[in-house]
Structure formats: C-alpha cells, structure tokens
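Handing you this structure, nothing more for now.
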Amino acid sequence: MSIKQKLLEAVGAERFSDAPEVLEAYSKDFSLAPQGTPDYVVKPKDAQEVQRVIKFANEHRLPVVPASSGVHFHGATIPRRGGIVLDLSGMSQILEVDELNRRVRIEAGVTWEQLTGALGKKGFRMMMPLLPHPRRSVVTDWLEREVPTNTVYDYGEPLQSMEVVWPTGEIFRTGSASVAGYPDSPSKGANPSGPGLDFYRLLQGAQGTMGVVTWANLKIEYIPKMDKVLFAPVSDLNYAIEFLYRVLRLRIIQECLLLSNINLVAIAAQDDLEKLRASLPPWALILVMSGMQRRPEEQLHYEEEALYKVAKSEFPQISLAGKLPGLSASGNKFLPLLRQPWPDKATYWKNRGKGACSSLFFITKPTLAPRFIERVKEVAARHNYSQADIGVYLQPIEHNRACHLEFNFFYDPNNNSEVERVKKLYRDAAPVLLEEGALFTRPYGELAKLVYGRAAGYTATLKRVKKLFDPNNIMNPGNLCF
Amino acid sequence: MAISREAYKVVKSIVGAEYISTDPVVCEGYRAGPGGYECGLGYERVMTKVPACVIMPRTTEEVQKIVKACNRYKVPYVPYSTGWYGARSHPHVADELLIDMKRMDDFEIDEKHLYAVVGTGVIYSQLQEEAMKRGMYIVVGGGGSQVSAIANMIGDGWSPLSYRVGLPHRRILGTELVLPDGEIVRMGSLALQDDPFWGDGLGPDLRGLLRGFTGLRGCLGIVTRMAIKLLPFQPERLTPSGISPDTTLQLPEKRVKWINFSMPSKDAMRRAMYEMARAEIGGGVTKVPIFWRAIARARSKEEFWELWSKENEGSISSFHLLRVLLIGFASEEQLEYEERVLTDIITELGGEARRTRPTDESWFKNADSAGMWLMCGGYVSVDYVIETIEHAIPHGENYARLKRKFTPPLMPDYGDPGWFQSFELGHQGYSEFLVYWDPDENTDGVDHFYLETSKENIRKRFYTSLLGPHQPLYLTGPAYGPNYHKWLLAVKNEFDPNFVCHPPLPLAHDQFVERADWMKPMKDWESPEIKP
Amino acid sequence: MLKGKTSLDVTQLENFEYDMSKCIKCKGCNWVDHIYMPGVRFSTRCPSATRYLFDSYGAYGKMRIGLALLEGRLDYSEELLKTIYACTLCGACDVGCKRNLDLEIELTLEALRIRAVKDGKGPMPQHKKVARNILKKHNRFGAPHENRGKWLPEGIKPSPGADVLYFVGCSAAYTNPEIAQATVKILNASGTPFMLMPDEWCCGNMLYSVGMIDEAKKLAQRNLDAVRQSGAKTLLLSCAEGYRMWKVDYPKMLNIATADLGFRVVHLVELIDELVKKGALKLSKRVNLRLTYHDSCSLSRLSEPWTPWEGERGIWGTVTPPLERRRGSNGVYQPPRDILKAIPGVELVEMIRMRENAFCCGAGRGTMEAFPDFALWAAEQRLTEVKEVGAQAIVSACPWCKDNFTRAVNQNGGKLKVYDISELVLASIEV
C-alpha cells in the first residue's frame, strides 16, 4: 500500500484530498514567502482524527502543517518540506459561552466573524488585534500573540487553557482543563498555567511547530454601555507618544492606537483613498473611553475629567475631538473598526491600496519608535520606496509599557519590480532594525534565520525542548529554527 | 558530611574564602526546621538535611561556574533565596551544596516603562517601596513581603490585589535562567539585547519552563535576574505609622480605601464578587475568614485562643465578611464613582458596610504573613487554586468536609471552608485552604491529610496548585493532562542529566511516601521503583 | 521544654526550646519592619546578619544553632562562639519577631551566652579581661577606682539625701566626663538636687551581657542594696546601657519586677523632657545645627520594664498564666525628640531607620571588645545613613554610641560631629 492509500484508510476519504487545485491553495498566501506544496490535505473534525494523522505522520516521517484559518498573511502554514496540511477550519464549533465567568471555549477553526457575531448577540466581545481578517482563526491569532488594541487590562492576553495534540500523538489539556473528564468537572478551564510546566507558553508563537491546538478557552468582556471615540491629529510623534505615557497609566482608556495617514486611509476610507489621504494629518491618535456596565455616564465623566486635565495642563498641543478633520467615519462611527473584524472578506484593508502588503513588526519601547521610523525611512530611500507610502502602526501595550510597532510596505502583486523591491527592502530593513534593538518575538519567514542566528543561547535551549515534544521533527519542519 | 575536596577547591576559587563555608555551625544555621512553612511535619523531618557547604555567589557568571562545577564533580546543589518556603526549598540529600543567593541583590527600575530588574536577593517589600515611591505598585504574594520577588514570581505570587491584575505569570519579563547543566538561557528581550523590558519568547516562549502553576522549587535551574512588571498606581503616599507591633500604612482615603461589608449569606458574597467584576470596579477583593479577624485583634497567642474559642460552627457559617479595596487610579472622582457602584451592588444584595480603618498592614506591604504561625506554631496552605469562583466555593466546602476527619490534629476551625476571592476581574476565582496544628504533638495525621487532599482533588476533579514536586508525581501525573509528569520528567532529564539540581525533586514527595512508615499505607497508585 | 513547666529564667536554655524550635525563618528579625521598609537601601536592622551574611549570623540561624546545642547535636567551637558573641544583643531581632509572633528571641540569645559560660566555653578572652577589671577595680577599664569621682566639676555639689541619685557609670566617669558634667550642670540649672553613690561600682553591664550571670548577679545585689540604703526615690542615668541594666536586667537576675526595685529608674532624657515641659528647664540659647538622633538600643527597644514570669505551656503552645510580652512598643522614643525639637536653631532630621528600626551603633554587649572591626563597621554603616539624610551631627543618649561613632568618624576622616544629647541641652541653657 502506498502512503497515500494508508493515509486514506486512516482518515477516510471524506477528510482527505490531494487534488492539485486543493494543494495549490495551501502552497501560498498573502505573504512573500516562497511557495511550498503539501502532498496531502486532511480536514479533521475532532481531536481523535487529528491524533490519527499525527500518529500516522510519525510512523511515516511525514511533515504535518496545522492551519486553522481561512486566510494567512505570514507564510507560517506554507509547507516547506511537503507533507500533510492539517486544515482545522472545519472544527469550528463554539463549544461554550460561559457568561458568568466571561469565558468562551472555541475550536481552532472558529473565525473572528463567527465569534464576534455570536458574542455580540449576548452583549459580549473579545479583545481584538486591529481589524483581524474575518476568516482568521481566533485561537491562532492569540496563540501567535497578536497585539490587542485594548491597553487597559493588566491581564492582557485572553488565552486560558487549551486542548492540544502533541507531536507525539497524545491528546493533552493544559491549565485547569487538565482535570480528568473536563469539561465535566468543577473546573471551567479558566487557569492557563500548569500542570507541572506552563505548556501554554511553549505553544504560543510556535507557528504550529509544537503541537496542534484543537480548542481553547478565552476570556471575553462585556460590550461597554457607552463609548466615546476621540481623535487627535498628530504631526509631532514624540509629543504624542509622551502624551500616551502620561495618560495610559491612568487606566481610563480602552482602545488606543496611532496610525500613519496611509494606514488610516486604508482602514477608514469609503472610496477615494487619495483624496482622503491628502486631507489627513501625518498621524492620527485614536482613543476610546468607555462607560461599562453600571453608571456608565458617571464613569465616562471621571475618565474625561482626568484625560482633559492632563491634556490641557501638560499637553496643550494635543487637540482631542470627536472628529478627525477630513475623516467622515469619525466619532462613534469609527468604533466598529475597533470592535469588529475587517468587514470585507475579499480585500483586506492592508491590500486596499495596491493589492498587497508586506508587514514588518516587532515589540519595542514607545519612546524608541521615532528612531525606528527614521531607520526604515533611510532603508526605504535606498530602495526608492517613497517614505510617504510607508504605513506605520503603533499599538501601545498595557498602559504603554511597550508597543507593537508595525511597518507596512504596499505593493502591486502583479508588478514584478514592485514585488522585488519590497522583498529587498524588507530584507535590508530587518537586520537594521534588529541591530537597533527591535524585538522580533514573532519571527515569520526569513526573519527566523536572522533572529535565531543572533540568539544562540535561546535557540539552543528551544531546540532541546522541541526535540522532547517532537522527536521526529514532524511538526511544520523548516519553520522558526527547527 | 562533605562535598569532595576537589569540588570545594573549585567552588571556593569562584567566590573567594569569605563567601563559602563548610563549618558545621554555619551549616546548621541553614537547617529547614523545625519551625517554618510546612515544617514540623514528616516531610521536613524525613526529607530535609543540613547542607554540607554553603556558598554565596554575587553574579550570574559565578552561579554558572558553580553549577558547572557541580555537574563536573556530581555535587548536588539547591538554590536558596531567603529560605522562607520551608522544607521543600532546602537540601534533601547528603553532601549537598546550598547556593545562598542573598548577595545577588542588584536593582534597577525603569519608571517610564513600568518595570524593575531584580536579582534573586531582592525581596518584595523592597520592590514594593521602590515602586510606590514612583507612583506604581506590585502585588506582594500571600507568602509575605519578606520573600524573594523572583522566587515568588516563579512559584506563587497572588493576593487579594490579584483581583485586578491577575496571574503573576504575565508579569514576568526578560529573565535569566541558569539551567541545571550550567547552560544559560536568556528569555524574552534578553535573548537579543541587554534590556529585559519584554518577556515574550522568540517564537515559542521558554518562560514555560519557569514555573507551571506553582513552581518547580528550584529543581529546573536557578533564576538569577528577572524584570518584573510594575503597575500604575495613584500618586498619594501610603504613610507608614505606628510602633511595632502595631505598624500600619495610613491610606490616603480619597485615593485608596478598604471597605468591609457584612453580607447576608455566602451566596450574596459570591454574587457581590461577580457583580463587582462585571462592573470592572475595585483594586482588590476577598472574603475574610473569621480567624483572620481574630488574629488581627489578638495581641498574643493566648488572646487569639480566647477569641477563637468563642466561635462555633454556627457563628462561622453565619459570618460573611467581604473586604473590598478601592483605588482611585485616575482621580478622587474615580474612587467616588466606584464607591457609588459598589454601594449599589451591596445594597442590591442586602449587605451592609462596616466601619473600616483607613489603614493597611496586610496586603500592600504584606507585613502580616508571619502572623499565620501565631496561633499554633505550625502552618501550611494545603491547597490554593486559581480557577473560577464556581470552582473555588465547592473546593473549599469539600475541604472543610475532608478536614473534619483529620481534626485533631488539625486546629479546629468549626467548618470554615477557607477563603475565596475573585481574580482577573471575575474571569478567575481563587480558593485557599490553610491548616494549622501543634508541631509538638503527633503530626502524622497532618501528613496524611496533606496527601489525602491530593487524592480528593483527583477524585472530585478539582484543579490544584499542588502538582509537580508538591505531591507524589506518580499520583498526580496520570490524573492531570493526562500524564503531565511524563513531560516534566522528560524536561528534567534533558536539562539535568546528572540529577544534581535539587534532587530528588520533582520526585521528593514520592520518596517521602516510600520512606515514612506512616505514609506507606497511603500509597495506592502505580509508580516505577522509587528509591527510598 | 516544649510543654509543661516553663519560665523566662535565662539561666536555663531549656526555657527557650519552644522559641528556638518555632522560628519560621521569615527574617523579620533582620529586615526593617516591612511597613517602614525604605527600599533596596538601608533595608536591614541586624548588624550581625548584615555584616556576616551567612544565615547562621541572623537570629533565624542562631535559633537553630541554639536548639542544636541544647539537643547535643552541635559542639562548641570557635565559630559557634563567634556566632553567639559577634552580636550586639541590640534587640532588633526580638522586636522584629514580635511584630507578628511571640518568640523570646532576645532572652534566648542571653540564655545562650549564659549557657556558654556555664559550660566553661564562654565568654571570649577579651571579655574575661574586662570582667577581671570590673571585679578588681570596679570599672570596665581597669583604671584606678579612686579616680572614679574625678569628673565632678568645681562648683557643683551633690546633696546627700536628695530624691535623685545620679548613677554616673564607668564611661561618663572615666572616658566621657563631658556627659557627667553636662548632666550635673543641667540638674543644677533646673534646681534638681541630686546625690551620688558613696562608693559607685560598675553596673556590671559587661558581666551580664557576656553571660557571666553569677558575677553579675552578685554585683547587682550589692549595687541595689547600696541604692536602697541611700533612700533615693529616683535613680538617674545618662547611659542607655546602665539604664537597661538597672531597669531590666537587675530585676531579671534577681527575679523581681522593675516595680519592686523600690525606686524609679529614669534616663536623663526622660527627666529633661519632664523638666522642659513643666518649665523648670529653659532651652533658650540657639544651637544652630542640622542633626539626627540615634535611638540607642538599650534606651529604646530593650527598655520596657521587667516582670518575672513562670507558668505552664500547653496545647498550641499557649501559656498560663497570661504573659504580657515586652515588644519594644514603649521604648523611650519620643522624649529625646521632643527635647531636640525644643532647642532653638536645631533642625532635627530623622534617619531612614529610626525608633524600633534603628541600626545599632555596634559597640554594645561585648562586641566592641571582642570584635572591634565589626563594631567599627556597624558604626560606619550607621554613619552612611546620617550622610544620606544630610545631617551635620549625630546625637545619641549613650556614651557607648558616642564613643563608637566618634571612633568611626576619626577613622574615616570627615566633618561629622558626634554628640551626647546632654551636651546639646547644656549648650542651650543659661548656666
């Protein structure tokens, strides 16, 4: 029996495909990562089926690449060495909505669109990164440590306990879901840590190399009763960042972000992108204050008092208003852009401008952002990439203790020279930023070689751990440093 | 008892003669018991030993060299920050080297980015004061502010203030770990640069090796440096006042306030916690077990017992005191707002505010934790679980029932089901169960109870903090995960091939059961041969 | 004795078996009270633990070592004696422990020394030399006894039969006459008649402190008889160590209560405070000085009166009859501060570690004699704190402190002034 026949037997024809057009769909994504075609695609329906595939893969030394989303941006699910793509998008049940403990348990294939809709009906929301694609897997985005737009919660990440199928084939529950018989137990799975080791940490940022997560518990929040969206036009970025250092510590702001005008245009423009761009300031600071469940207007009141006290006395150049001049989707009309996934399945906001976008992002201290921006501009200039066309997104994290800084390089995917230029620009910019102190905690694609090459100690230890969990190196081999 | 002469020469040359000793008097000073956390019990008597040698390094490089020497010469070693954790943090085998980390007390603070960088010798009260001077605060773990911040951040790390702030795991930033075999792994931003401001891994996060739920007690390496998140606070000073033993922090009442509420029932208390969490108000919240109040009022052990003997099952079951901390982070107006919301909630649930002193001696600086030993001289937290409030309440009730069978030798608590609180603004809940006994009486029953709690958790499918080295690994392992022990042992074997890092953890409690005659009958689970 | 009959009698180390076996290693005996914790600097108050670092030098180590000694698990050695004696018995450990618990740390440490002497192993050779001086020449220096009264200045006359008997002490008599002279001038200026001992002998501080209790007790009885015979109503001291001896350790050795001595034991600062507040002493001359006050251990933490106790220890370690423990709350903290604040021109700044958190000067209880480097080191530690708060002078109420600080200043150069409080008060009154 050939491998294919054995695999077919193991998973059943319903779950299996190796049709060329199916394989091709998994061989590329929205990133500039080189193509890589799998040999087979399997779409499991439950953990036992996942387990069967993994056991099979171990037996036959076949790579397994888990993919839970309908759309990918970083190349992490493109097989580098063929093998089996394990597509979990069909495992898309919302298993529990636990309103009392503000928790939801969802399978890996549940999308942002699906979840936001279901939660919204009950008055709940989940913290979100900026405008996730509606077909992205919620679990994957949190596993991959996407940075939320909400800066007020000290407990940050929504991820709690999970079910995982280890690369060796065992089905395992992490955190407090590890009790026997879960969910038939007093434990709700609200604690991510343990048992014994913090397995959840090893699965975060792993890009599918450490195991296959089949479901996860995540925190949900109430939709505030009242919101107030404020904008400030910014030309002095340093000044705006200092303002954020001051006000985000007061714990009065929910969502907060800084966008360069080209990004704001991509997000908010109705039709004429160029026209809007011409009327917008170089940067926009967007803040949301909210009144939660009780006496919301009183809450908003003290928040506004505190905010304006600081703004007026210490940062007179920041002029906060409910509208951003030039932007029709101002005020509370902007709110859905922060509380919903991107509405258009066909064209992601980053691709609105030119059709495609290459993103370079990392974690840093907000005060260093202007310096990084300068460096990127210098590199861009060397490649004749117009500075004005660079998209920048600064996402403060947790009271502005750090930030996610993202650079978006737009290009026409059908124009070869643009594609090549952006590739080279990216390749040149990354080491410059790394040298300057950029912390690439999510080293996608060719970033991995650069980053792990610089972190010998970390890499060596990581490999030792990986070997314990995946002795045959079947999980997404060739990815990260594996 | 000694470490080999060769080994001694080598490690002495690393730190210098002033910072190493094999003198039996010096070593006796490091004995675990008989007093201390979880001391005066069988585990401490059977499993702990006085070190053969004590060494005090100053830098990570020295620690690494010492660990490498221990691997070369097969010298078992144990890291020791303050020695507070009791039996489990002390040497367990003969001829062991105790690495006393107190000289590693470097301290830096980045006020703008809300973090401090500490060595293992820095304790919480130092860190809290440095934070509070600059308008920030930390959560001082329930163990007390006398504990090493690093040791607690990789072991426990919560208090009623965790209500707003949540798990300590997320407050660990860049960290330096000397692995059991002497390799160093730098985590978070330290993997790439000198500034430990961020904790996420490069890809998979190796902070996963640091603790599990409640720590590995030092058997998977030595953390020598850690950046810890500080939290924005409010600007007014909490002023120390009073003379020992009545020292306390005077709270700036318009910005920081505790309020005690008597609630009509436990369910009302539970609902109050949920409602507060829903409204996202408060800086801390907890149920107050009645015996805490007795400890606070008693000026002596004898007075405690006088007060305590007036209680009974009836008075315990009808005492529902909720203690809430309000913090006006943004302004006085915020505190006023939160107090109005809180009053709404309490009124809806039929509760009543009690007169509450505008002071804190327990939780900001947690200066009171040693008071846990006042009553009986012996104390251990026999379980403490972060899960949900729904888990916390039956967990506590279940324990109260189990505990009756073991009272005496446990101190009578009239069925008090421990304390519980809300965590992470209601996303989690917490239950803790504390037990006390007279260490100068027969304590076998306490040892039995401790193990019985693990079995009970397994039977009833409760989550528990007492995993890893805290209970027999072959008992808990198959029950959680399942088989988490397989991974823990695989990691342990990989990084400690010579088994020199705090042996025999994580199998110490397994060994205890094999060695102690009164424990053997309790073994009803499978395990490979554990050498006694 | 873990259960059954027990007492606070320091001649039996067994009486402290419970205390030694219940130390939980919280190190509250070393850390500044966490409520007052100032941060990463100046965070400890045990000079021994801070200097020697090994756990054996903190009370947490000493309790374990004491227990091992009691149980025959440890033999005497040079290291053991150093552990017991490189310690100023400053009481920081006792007060620190008693914030939360009820362990008698200080009494245990005293009992350990008494035991070491009883077993023929203690005290240190340097202590024996001092003991010989005291027993032969009635002063710790071995100076001629007949010179003891030479400090008395011209024009000041004691009044036989006065209510107040000024017990000068060896230091003020021989090495710090400025203190005794200031004291009697202050008494004079306030119209307070005083008498002196007809034949003043050393209070025996060194004897008791190093564990030579038999000799100390004999001397105490002799001294007590002499004071009783004088008819004094108040025994006045300008030395904190002497104050503690008379108020606490004499009753302790003789198994009586402080209240049963038959007279009040008063330190000069208590008297001056009283006199100033009732207007009998006018602090009118300016003393322009930015200074800080050092709480001498024996005047502060260790100064609460003594009541003998014996009883039973039962279940949970509870004792009967009830026992009011001495926790350092009622030390003489405020009077010296009130005095200094009342002197015009004085700017009083507090050190970071004050009152019951004060860091001992390092001199007392045999430390300076047997471990002079350690004593100097402790003084230097304290002086960095003085510098930290920007004071020009350090003031205390004990010649031992004054001496040790002076030694440290002289050793390291520097312009810091070291005063006894009596000198400042004298400078502020019209004489």
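Here the chain labels run A, B and C in written order, and each chain numbers its own residues starting at 1.
In this text, a residue touches a chain if its C-beta (ideal position, glycine included) is under 8 Å from a C-beta of that chain, and two chains touch if they have at least 3 such contacts.
Bear in mind that the values here come from a model prediction, so they are computed numbers and not experimental data.
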Innermost chain, taking as reference the mean of every protein Cα atom displayed: B
Most distant chain from chain C by Cα centroid: A
Distance between the centres, which are taken as Cα means, of chain B and chain A, whole angstrom: 33
Centroid distance [mean C-alpha coordinates] between chain C and chain B, Å: 38
Whole-Å gap between the CA centroids of chain A and chain C: 66
Residues of chain B defined as touching chain C within the complex: 19, 21, 23-31, 34-37, 39-40, 54, 56, 82-84, 86, 100, 102-103, 105, 107, 122-123, 125-130, 133, 144-146, 240, 242-249, 300-302, 305, 361, 365-371, 373-377, 411, 438-441
Residue numbers on chain A that touch chain B, as the complex places them: 100-103, 145, 153-157, 160, 170, 172-173, 175-176, 178-182, 184-188, 190-207, 209-210, 219, 222, 245, 249-252, 292-295, 298-299, 301-303, 305-306, 309, 363, 365, 367, 398-399, 401-402, 434, 437, 439-443, 448, 451-452, 454-455, 457-462, 464-469, 480-481
Chain A partner contacts - residues on chain B that touch it in the complex: 112-115, 135, 164-167, 169-170, 179, 183-187, 189, 191-193, 195, 197-198, 200-214, 229, 231-232, 274, 277-281, 329-331, 333-334, 336-337, 340-341, 344-345, 385-391, 394-395, 424-429, 458, 460-463, 467-468, 476-477, 479-485, 487-488, 490-491, 494-495, 506
Contact set on chain C toward chain B in their complex: 2-3, 18, 21-28, 31, 33-40, 43, 53-58, 60-65, 67-68, 73-74, 77, 79-80, 83, 95-96, 98-102, 315-320, 322-323, 325, 327-329, 331, 333, 355-356
